[in-house]
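The same chain A turns up in both complexes below, where it pairs with chain B and then with chain C.
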Partner chain A sequence: MARSQAPMRRHEARLPYFLLIPGLFLLVGMLYPFFLGVYYSLTNYFLQYPHLFRFIWLDNYIKLLGDSFFAYSLKFTLAYTLVAVVTQVGLGLGVALLLNSRIIGRSGLRAIMLMPLMMPPVITALMWKIMMASSRAGILNHLLSFLGVGPVNWLGDVNSAILSIFIIDTWGNLPFVSLILLGGLQSLPYEPFEAARVDGAAGWGIFRYITLPLLKPFIILAATFRVMDSLRIFDVIYAATVGGPADATMNLHMRAFFYAFQWYQMGMGMAYAMVLLALVFLASYFLMGYWKRAAEQTTI
Partner chain B sequence: MRSFPVGQTAWRWIRRILMTGAVLVLVVWTLFPFFWIFLTSLKQPLDVIAAPPKLIFEPTTQNYEALFMGQKRGLYHTTRPDFPRFFLNSIIISCGAVGLSFLAGVPAAFALARYNFRGKEPLAFLFLSFRFAPFIAFLIPLYILFQKLGLYNTYTGLILAYQLITLPFTIWMLRSFFMEIPTEVEEAAKIDGCSWWGVLTKVILPLSLPGLAVTVILGFMFSWNAFNYPLMLAGRQTFPVTVGAIQFIAYEQVLWGQMAAASLVAVVPQLILSLFVQKYIVRGLTMGAIR
Partner chain C sequence: MKRAFGRRWRMGAAFLFLGGWLFGGGMEAKGAQPDLSYFQQAKINWKQFAGEKLTIGLNKHSYTESLLPLIPEFEALTGIKVEYLILPENEYFSKLIADLSNQRGEFTVIMTGPMRNWGYAPPGWIIPLDEFLNDPKLTDKAWYKPEDFFPGLIAANRWSGKIGGGTGEGPLWSIPVMAESYILAYRKDIFDQYKIKVPKTYEEMAEAARLVKKHAGIDGIIARGTPNTPTIATGYISGLKSYTDGQWAEVDEKMNARLSDPRVVKFTQMWIDMLRESGPANWANITWYDGMETFAAGLAGMYPDCDFFAATFENPQKSKVAGKVGYALLPPGPAGKTYSGLWTWALGMSKATKNKGAAWLFIQWATCPRTLLHATIEHRNYNPTRISVMNDPRTQTVLGSWGKGAYIKTVQENLKTARVAWVPNPERSRLGDIWARALHEIYFKRLSAQEALKRADDEINKVLSDVGLRK
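For the complex of A and B:
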């Protein structure tokens, strides 16, 4: 009996690796180009002049340090992420609370909220681009004219272009935050609220000292996903402004794309990509750790 | 407050009005773009650029006709972006990508859900990390590789590139569904003499059938949304609808009406499919993290 089980167990031990073969095969196919890219970031790879190809160590990265365009892209990427995520999580919390309260047509509202969520971001951007026409023919400008606000050059002006990107991004992703937080609100235990009410707490007090702390893991999780996606936002910017006007919406991702596919400097493009990847990695590392601690504290 | 019942009812009314207002704002904010794009798609070119924008106009289906026939007719010249072809391309690439991910993902998810082995969690997280990686880090080397390997502008190449989107998603979604099945059921099957193959095909897969369907549908939808990989790895023959829709921004002008029609047609599958997976969309977007 024991003898027949031993090879069986060895077979069992090898089984998961056997099951993973197709997946690992594809994984290698995904990792190979990645490491090739890391290598390219250490070269001066210029697509149109392959004979000049040279390994230049960290020269691309050193060049970035003194580059004012890089500084702007880095600043824009970080500032955009910070402002967008804080605003979207704040608004999303409001929407979640609204959807969680007793209002008519709650399930219908929830279904409507799902619509922007499954839109291709490019199409979302194109839809808004139509509404954001700069002249008085644009519907947004027409609506604003009732408030006495003169025609805004939505995507054509440095400041309003950044705002426009934020609006489009928020339309597409606010439902994501709202629905995660709504799910969180609906999963909260009943007892702490009951106890607080017995103790005479009401409205704001309950929200501040019970709802918010219990909701913290969900807020962090929603923020984590939003941070990662805002750091590397591309589709919306590409479709709406292509990084313009005057490079105002050129984040690291757009700049990497431009280096690679506009100027064919694959090495420099990869260097930008690596900086962005490092940012995403750092953000995910800290946010995931933060999320784990919050989840443990609230034991959800 | 308590001592003024009148004030309390007034407060309740203010609250109710504020909340109704908020609901209205939310509904208009979410639905208005769809409404406006629909109107725009029915407008003639001169009506699109009319200032102030026209709410009442003579509707035309010619934007849709131009979209599907690619014909040139008077003001309706088009950049001939072959939209039906793009639509078909989207279907082919998305189905291929989901199919491949499914074949590789089912055994992988089964292993990651049900077996303990060295390097399990790091491997799972390696797959997950693709969800967050900026696509450009893969796009640049893939572009160079595809040119060399002859995969550029081919369905095969795109289906392989789309694995970066669908494979991590499929593995994590399926894993989360498989883990929901109690191990007792599996143990019972093993006692009955089932091998791992029997456990997988007779227990795990039938019990997670809804999960499999959700994973396939959501994977298809995420592939449909993909834009940046096909933007550089596809050519005119293989463009999906997302890249096709942006072709209406021509060099000198934007064909607004046709672009609106294209945008709506491009999201029809998404709006229909999302009806079937409503409850799972958030779970899908968080790779199974939120149930």
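For the complex of A and C:
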């Protein structure tokens, strides 16, 4: 009896290692491109000139420090992320509160709200590009003309192009933020609200001192996703402005793309990509820590 | 029970009817054998690579649309199976360069062109086609008629490999399947109504744009304006080359950038002023497609760009200006000649291709007189690259109807002096991107034309030095 159990035990001992194999493949599949990217960023790899390939240590990164185009792209990426996330989370909270209240046609509104989420960002951008035509033929300018405004040169001017990218991005991603916050609102416990009402609190007071603190982990979660996406925004910019006019919407991701896939300068393209990756990692690391603390504080 | 049986019977009949309708058509189409007698006149064995498989890389383009319906004919002729991948232009070139640089050989036949070959030939990613063309086992030259191609288009696809020169010399890297040169499409009805002169100088062009805007209330002119090479590559560079009588080039023989040449500064200032004053407000965001659609919608007076856009302008289903468009050469320079740029889409072969014989049979079939004729007269592939296709009465009837004969006359005149506008070098696209950004700096008045073009010169020189092209 003991004899027949021994192979069984050996099999059981090996089982976890077998089960780990798919995970191992996944890990290698994820880490290999990452380390290859890091390696390329330390080389002067030009696709079209393989004979020039050599390891140049941190030269690409040192060049970035003195590059005014990099400085602009970094500044634009960070500023855009800050403005986009604050606005989208703020508006998303408003929409979530609206859809959580007892209004007529609430379920219909919730379904409509999800529509932008179903559209690929490139299609969203192209659709808006048509609507943002600079003449009166563009539907947005046509509508604005009834208010005596415009025509606005949406995508053809340095400042309005940035605003246009922001509008397109917000339209596409607001439902995502609203969805997370609506889910959060619906999962909040009843007791604190009931207790507050018994104590005479109402309206703004309840929102400020009960809803908002309890919703904090959800707000941070939504903000974390939006920070990561806003830092990496690419498809909307590529389809709507190609980084223009005059480089106004050329963020780090666009510039990494241009270096790597338009100019075939993989070394510098990867250096840009690594800077972006570092920014995304740092931002998400701090925000996730903040989220964890907020979640612990709100757990009763 | 009887009712249920009846319902099932009806459903079965409907199913059979639907199946017959769906598959009957398909079988009928499959059953129709293409007439291969023309191809079988060639003294080669078309079946010598039967059973092999080819993967063709194709850009989403009107030429591609004209090629696809003809491919079953090649498969029936050779027994070679053809698969293809069609991607939008930017994605196509990104995927192509990834395939070529790794020499994976995923694409056996590629869609390329002269300026692209400058990047693919030096690292040895593509192979010359002369050896296939001159091999009697693979090509019946008397049947194929290589001399039937417009000589300038074949010359554009030859390159010696010399950085800074060598176009029209050395190996043939690809065979042209469609050609474009750059002309002026203008609203003849508006020009006639308001007695506006068709421009013969660039100053007159600016004046015509002003008058169209003033009288007709639409943009006087439209041109590409996105911050990348296409903004430079058509009307603007053709105008500049004409303005300088074909004597100026963007780099000198030592590969030093020459954008801050006084003639370039003057022309660029004039071009940008014209666009700012009479062009679309969103010029900086205009792609070739936006320009074509805007002109076809009747919202612009002139469009200095690809000649074959006329196919859209003259199609009443896609255009509000069909029959109202005039075509003219871009204004010449002081010596009286126009020097338009030139581009051909062409078929080439990756060096990593394993079945090169089969790949050549495909290129030979796709570029032979009959296939290119069918692509043009049945599937609207304009402009043709073979003289016989251009001279075919059916082609002449279609092209001759555009602009009441002005289109074909203008294109034939243009092709006499049209040539690849750029100096051969693998960094052409990067150079064009830098140049286009300089145009934006001028347009938005951040820098003067002199400052912006000087800064572009410095940046280009640095790029060319970094990759060892500057001597």
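The rule is short, and it goes like this: the second predicted complex is superposed on the first by the 278 of 300 C-alpha atoms of A that agree within 3 Å, B and C clash if a C-alpha of one lies under 4 Å from a C-alpha of the other, contacts with A are read in each partner's own complex, and residues count from 1 in each chain.
As a convention for this text, a residue touches a chain if its C-beta (ideal position, glycine included) is under 8 Å from a C-beta of that chain, and two chains touch if they have at least 3 such contacts.
Predicted model, so just to flag it, every value in this text is computed and none were measured.
Visitor: So, on chain A, is it clash or fit between chain B and chain C?
Guide: Once chain A is superposed (C-alpha atoms), there is a clash between chain B and chain C.
Visitor: For A:G148, is the partner it touches chain B (first), chain C (second), both, or none of the two (neither)?
Guide: A:G148 contacts neither chain B nor chain C.
Visitor: Using the touch definition from the top, say if A:G29 reaches chain B (first), chain C (second), both or neither.
Guide: Once the two structures are laid over each other on A, A:G29 reaches chain B alone.
Visitor: Report for A:V95: first if it touches chain B alone, second if chain C alone, otherwise both or neither.
Guide: After superposing on A, A:V95 lies in contact with chain B but is clear of chain C.
Visitor: More residues of chain A are touched by which partner: chain B or chain C?
Guide: Touching more residues of chain A than the other partner does is B.
Visitor: For A:G66, select first, second, both or neither according to whether it touches chain B, chain C, the two together, or no partner.
Guide: neither
Visitor: With the two complexes superposed on chain A, say which partner A:S284 touches: chain B (first), chain C (second), both, or neither.
Guide: A:S284: touches chain B, not chain C.
Visitor: Under the stated touch criterion, which partner chain does A:G203 make contact with: chain B (first), chain C (second), both, or neither?
Guide: neither
Visitor: Under the stated touch criterion, which partner chain does A:Y17 make contact with: chain B (first), chain C (second), both, or neither?
Guide: The answer is first: A:Y17 touches chain B but not chain C.
Visitor: Please work out whether A:M270 is in contact with chain B alone, chain C alone, both, or neither, and reply first, second, both or neither.
Guide: The first partner, chain B, only.
Visitor: Looking at A:G243 after the superposition, I want to know if it touches chain B, chain C, both of them or none. Which is it: first, second, both, neither?
Guide: second
Visitor: Of the residues on chain A, which ones does chain B touch that chain C also touches?
Guide: On chain A, the residues that contact chain B in one structure and chain C in the other are 47, 133, 135, 137, 261.
Visitor: In their complex, what parts of chain A are in touch with chain B?
Guide: 12-13, 15-17, 19-27, 29-30, 33-34, 36-37, 40, 47, 94-95, 98, 101, 103, 105, 109, 111-124, 126-128, 130-131, 133, 135-139, 142, 145, 171, 175-176, 179-180, 183, 218, 221, 225, 228, 231-232, 234-235, 238-239, 253, 256-257, 260-261, 266, 269-270, 272-274, 276-277, 280, 284
Visitor: Mind listing the chain B positions that touch chain A in their complex?
Guide: It is residues 19-20, 22-23, 26-27, 29-31, 33-34, 36-37, 40, 48-53, 100, 103-105, 107-108, 110-112, 115, 117, 120, 123, 126-127, 129-145, 160, 163-164, 167, 171, 196, 221, 224-228, 231-232, 241-243, 245-246, 256, 259-260, 263, 266-267, 270-271, 273-274, 278, 281-282, 285-286, 289-290 of chain B that touch chain A.
Visitor: Under the stated contact criterion, what part of chain A meets chain C in this complex?
Guide: On the chain A side, the touching residues are 46-50, 52, 129, 133-135, 137, 151, 153-158, 161, 241-247, 258, 261-264.
Visitor: State the interface residues of chain C toward chain A in the complex, per the touch definition above.
Guide: Touching chain A: residues 90, 94, 97, 101, 119, 122-123, 219, 225-228, 280-286, 297, 299, 426-427, 429-430, 433, 437, 440-441, 443-444, 446, 467-468 of chain C.
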